[in-house]
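One structure is given here, and the rest of the page talks about it.
The chains carry the letters A, B, C and D, assigned in the order they are written, with residues numbered from 1 in each.
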Amino acid sequence: MTSSPAIRCVGLSRWYGEVQGLAGLDISIDSGVIGLLGPNGSGKSTLMRMLTGQIRPSRGFVELFGVRMGPDSHDTFRRVGYSPGEDVHFENERGIDFLKLLAGLQGEGGPAAIKRAEEALQKVSMSEYAGKKMSAMSKGMRQRIKVAQALLFEPELLLLDEPLNGMDPVSRRSLIDLVRNHATIGGTVLLASHVLHEVESVTNRVILLHHGRLLAEGRLGEIRELIGRKPRRVRLIGTSLRSIAGDVLSKELATGVSFEDTGALLIETRQLNELLLHLSDIGTKGGIQQFDVEDENLEAIFNLLVGDFSE
Amino acid sequence: MSETKPVLDLDALTVRYGSFQALTGITATFQGGSLALLGPNGAGKSTMLRSILGLVPPASGQALLFGKDTSQKSATLRGRIGYMPERDCWVGGMSGVAGLAHLAEVCGFPREDAMLRAHDLLHFVGLGEERYRDVSSFSVGMRQRYKLASALVHDPDVLFLDEPTNGLDPRGRAYMLDAIDRIRQEHGVHIILASHLLPDVERLCDQVWVLNRGHLKAADSVANLTAAARGAKRVRLAARDDVAAFSEQARSAGIQVEPGKHDDELLLTNPDGVIESEQVFALAAQSKISLSGLQPAARSLEDAFLEALADTTF
Amino acid sequence: MAFRASSYSRYTGVKSKRPAWVPVMFSTWGRGWKSKWVRRITTMSLLLAIALTLLLYALNVAIPDWRTIAQSLGEMGVAGDRSFQITNATYLGLLNLYIHPFLLPLSLLFGYDLIAGDLRTNALEAYFARPLTPWGYLFGRTAAYAGFLLAVTLAPMLWIWLFDVSTGPDGHFHDVARVPFGMTAAMTLVALTMSLLIQAITAITRSGLWTNLVLLVVFFFSGGMGTILTEVTDNPEMGAIAFWNDIYVVSAGFMGVDHEISTRLPSFGLALTVLLAICGGSLLVLTRALHKRTLVG
Amino acid sequence: MKTPLSVMRQFALRQNLLSVKALPVFGIALFPSLMAFAFRVFKDAGLHSRFDFYGEYLAPIFLYLVLPFFCMTAILPLMHSLYDKGAIGYLVTRPTPRWVILLGLYQGALLAMIPALLLAVITPLLLLSIGDTSGALGGDSASTGAWFQRAIGLFGVLFMGSAAYSAVCLFLGAWSKKAAIWGFGLLIGWGATIGSVPGLLQPTSPHRYLFGLLREWCGIKEAWTGFFAPDLDPPGVVLSIVVLISATALFLWMAWRASRSRDIL
């Protein structure tokens, strides 16, 4: 038996009347943590709901572990944990009852279900609030309960839609650790989030959606290389910047230099690696106190891509 | 604004809901500028905002806003506060601009001025094109901007923001932070921000109160909390270089190496003193790699925050 | 040349001292008026008043002494023992004409989503963080609501009455003297009851649709039960369970019309008590609901 | 499938019995008692008249008003709370078939109705039958056995009706956002009204068969008194039961189909 990818979408499209939710998405995901990014309304939640068979594709299909998803694909959910992006819960339910109910739907009842629910609560540090009604919890607590229900049976595939939204820094950090651990033991996590620096701290593999279409997929470095059209910029702070500016221009490592109001030097280059090597070399003689390559992080790449294609 | 009184002065403020003590004897003063309220879920941030709004009476102690007790004549005092709640909220049944003007009228603005201001503010928050639409058709990001406009429409002297960037995409977030920053810098409106996103706090605020379970754990300036660890450096290595070789080289020079936030990032500290930039470049040259970044390692607000909560268990 | 970027500015004008509930009242009218059917029914109500005055006018012109003719016809027993005179009882009929097809549907259409809408959009959080108290909010809403219902129904009726009195013979005023007071009192009570009841129901159900359904249930159940119980027990006081009986009896009482015309109706005191109890109960529910939303002490 | 089904059943029971949602159901259940009380206080013409009142006035009231509103308030808010913001997503992304989820909700809601139904049937019985029997005309029609037969029969009819109309509501809740309007139209319009008015459509309405059962099970021989709808050719017990059970099954099946084709947004 050949092993199927955890997630495979083929030509996946969905329209809501005349509004386009997602158009012609083809992706395949094996394992590890993948960040699902995109501006508001770019189709992330639509994708998450179609992955879980809650809404039907207008065209194309979704396969999880090689099984085509639809309203009758419940057996596949043994291997999947899903946390929705909306702040929804059942009315008048306590946290523990909610988890017990969902454990029961997986065929586990009685004391076993309670034990499982308590373990899941433990994982998100919510044991103390187990008996609290979900409507009386703060948004961050409900987020943790939502993550707990996805973790109930330690599934192979975790689909987390904006789980960090509304969480406090302590919970964020522990959730990020949880996601990282899940990947190290061979699981797959699809993590949709707006908080880019958090996504960046667990993974450099991303899927970027925009206007319902796939804008970029892969590792950050690769994506940055692919964009490659724009020159890179290096920002330096130090004492002998004018001589460095002249130096890199004369060695033709820079296409342009400029000084900011603060006195920092900006070097534009199309040969980043050579420039970095050269700078490291000059640096030993002193004169450079700090420097940084711009557009290197996820946020910069995100803005570059989304900005490029939306205007 | 020539206020001589502090913007906010809490004097042993205690708030109870039934038997549950939401705030316990909080004494602190906020002279003005921008203040962040930090704390895990359920720390008492929202309760504090509500009691300053005069919506929750204190069990004991008092809260003074611009020198006036918030539990007395709170209605007039609320006219000086712009409150942006965490949840979506708007007055429905009318267009966006009409709802906004209506809220200004509730604060005593004459009809014409209210309309004028509502239009201007919607342009300011970037919803000019959507002015006449119904707010219920707005997206998450638009609603968040609309909430900011609602909080500003009656020209408050102090702005309470509860998670203003929640659910916003990166560009929406940058826009929101920029707008708030301009109001603070250019118009002297004081800011009190409750947020879980510490980068936002670092961007906007100069003072921080850390709350946990109704107690004030720390009250300090952001600058003090994030003061650079002495002489430490943050180093980024070009993608294809060997991190291990560099670390080895650095350790042999008596420098402590810790992994940074990213794969290609290292944190260097010298227990005996300062690390000079030249020294780092020299290490790079010795291990035949090129650096792609070198910066003094500021302590992040996140570290400071977690440290302030360190004595509590979760 | 002037250049003006869209930027923030501080307000330099003078704020007015007007209480905060006044804009709430105005906005309530604005919201109610947005409903197409509210506008239609309002127009119908006003048209009816104009039509009736035109009819009176035409009669006055065509048959100047129609009142005496009608009266003598009545005394001759042409139409049984009925008298063809315009009296308080005539106006009671008119009042019913206005309450059932106009006031009741209007109050449903006008009010079914007022508080439910505010709860859905969390508007109360925006309101109460401003210089508006829950009482001010409730007062503004109810004043606007009841005021609108009165303007649409009571005003046309008073207009008809005024026309009737001014064109009538000398003694006519005495026949219909109780009308203005009676109509105003009855209509105000009914409008107030309806507006408070609907607001209370919408505060509980939090949905416009369910408010309408609950009201229908209340009407169905109360009407059906009142009728059945009156019939099987032969006790007219049972009719007080039916909301519309109470409205009729109370209006008749205020207008000074002998409501013993029909013996199968509850007494004035009981009917008034029921209406006031509905008002009180609704007010209690409303204050509790608002209190819960704001935690105001 | 035992655990998922019973878990869903318990959930629906909890939702409908242990929350504010129980209040409207019990409120409606108290209406007949209120009427019985009023009858007892204001017109006590003896045990026999009370017995007739229970059978010929109250029992139809149960079918006309109590039953439809009972089913609507028990099922529609429950379904609405699940579908409105998409909370049902938690349930359908579990390894459980959708029919189990729906059947569990249905069974739980139906079970939660039983206490209210019993209250609605028994309280008026007690209010009417206990106490002063001085005015009793005697005769076996008002014996204790007859009272109980009438009460049990009424409960049976109501239960059959609840089963059928709850299935209708379950379908509407799973199918439409405007289930409340549809429910009102179907249950009051098609059910109570069409089912009691002689005409072409009358045989299609479950109410006709409920009235048929009521005649047989409650021993109400005279079909023309009180609030009974006239029916020249009342259906028999077997036919009624068959029709009601098939209607229940049909609507349950339709609910399942609807839940498969509805997107959860």
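Keep in mind that, in the parts below, a contact is a pair of C-beta atoms (placed from the backbone, for glycine too) under 8 Å apart; a residue touches a chain by one contact, two chains touch by 3 or more.
As the structure is a prediction and not an experimental result, all values here were calculated from the model.
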**Message:** Considering only chains that satisfy the touch condition with chain C, which of them also satisfy it with chain D?
**Reply:** none
**Message:** Averaging over Cα atoms per chain, report the distance between chain A and chain B in Å.
**Reply:** 23
**Request:** Would you mind pulling out the distance in Å between where the CA atoms of chain B average out and where those of chain D do?
**Result:** 56
**Request:** Compute the distance, rounded to whole Å, between the mean C-alpha positions of chain B and chain C.
**Result:** 50
**Asked** Do you know which chain C residues sit against two or more other chains?
**Response** none
**Item:** Multi-chain contact residues (two or more partners), chain A
**Value:** none
**Item:** Touch relationships between chains, expressed as pairs
**Value:** A-B, A-D, B-C, C-D
**Request:** Going by the contact rule at the top, pick out the chain B residues touching chain A in the complex.
**Result:** 38-43, 46, 86, 139-141, 163, 166-173, 196-199, 236, 238-239, 261-263, 276-278, 280-282, 284-285, 289-296, 302, 305-306, 309, 314
**Request:** Could you please specify the touching residues of chain A with respect to chain B in the complex?
**Result:** 38-41, 125, 138-141, 162, 165-173, 194-197, 200-201, 204, 221, 238, 273, 276-277, 279-286, 288-293, 296, 299, 302-303, 306-307
**Prompt:** In their shared complex, at which residues does chain B touch chain C?
**Reply:** 17, 50, 53, 55-57, 75-76, 78-79, 81, 83, 85, 87-94, 98, 102-103, 105-110, 113, 117, 120-121, 123-124, 128, 135-136, 150, 152, 154-155, 179, 182-183, 186-187
**Complete:** Touching chain C in the complex, chain D uses residues 28, 31, 34-35, 38-39, 42-43, 53, 57, 61, 64-65, 69, 72, 178, 180-181, 184, 227
**Complete:** chain C residues touching chain D in their complex are 209-210, 213, 216-217, 220-221, 224-225, 228-229, 232-235, 237-238
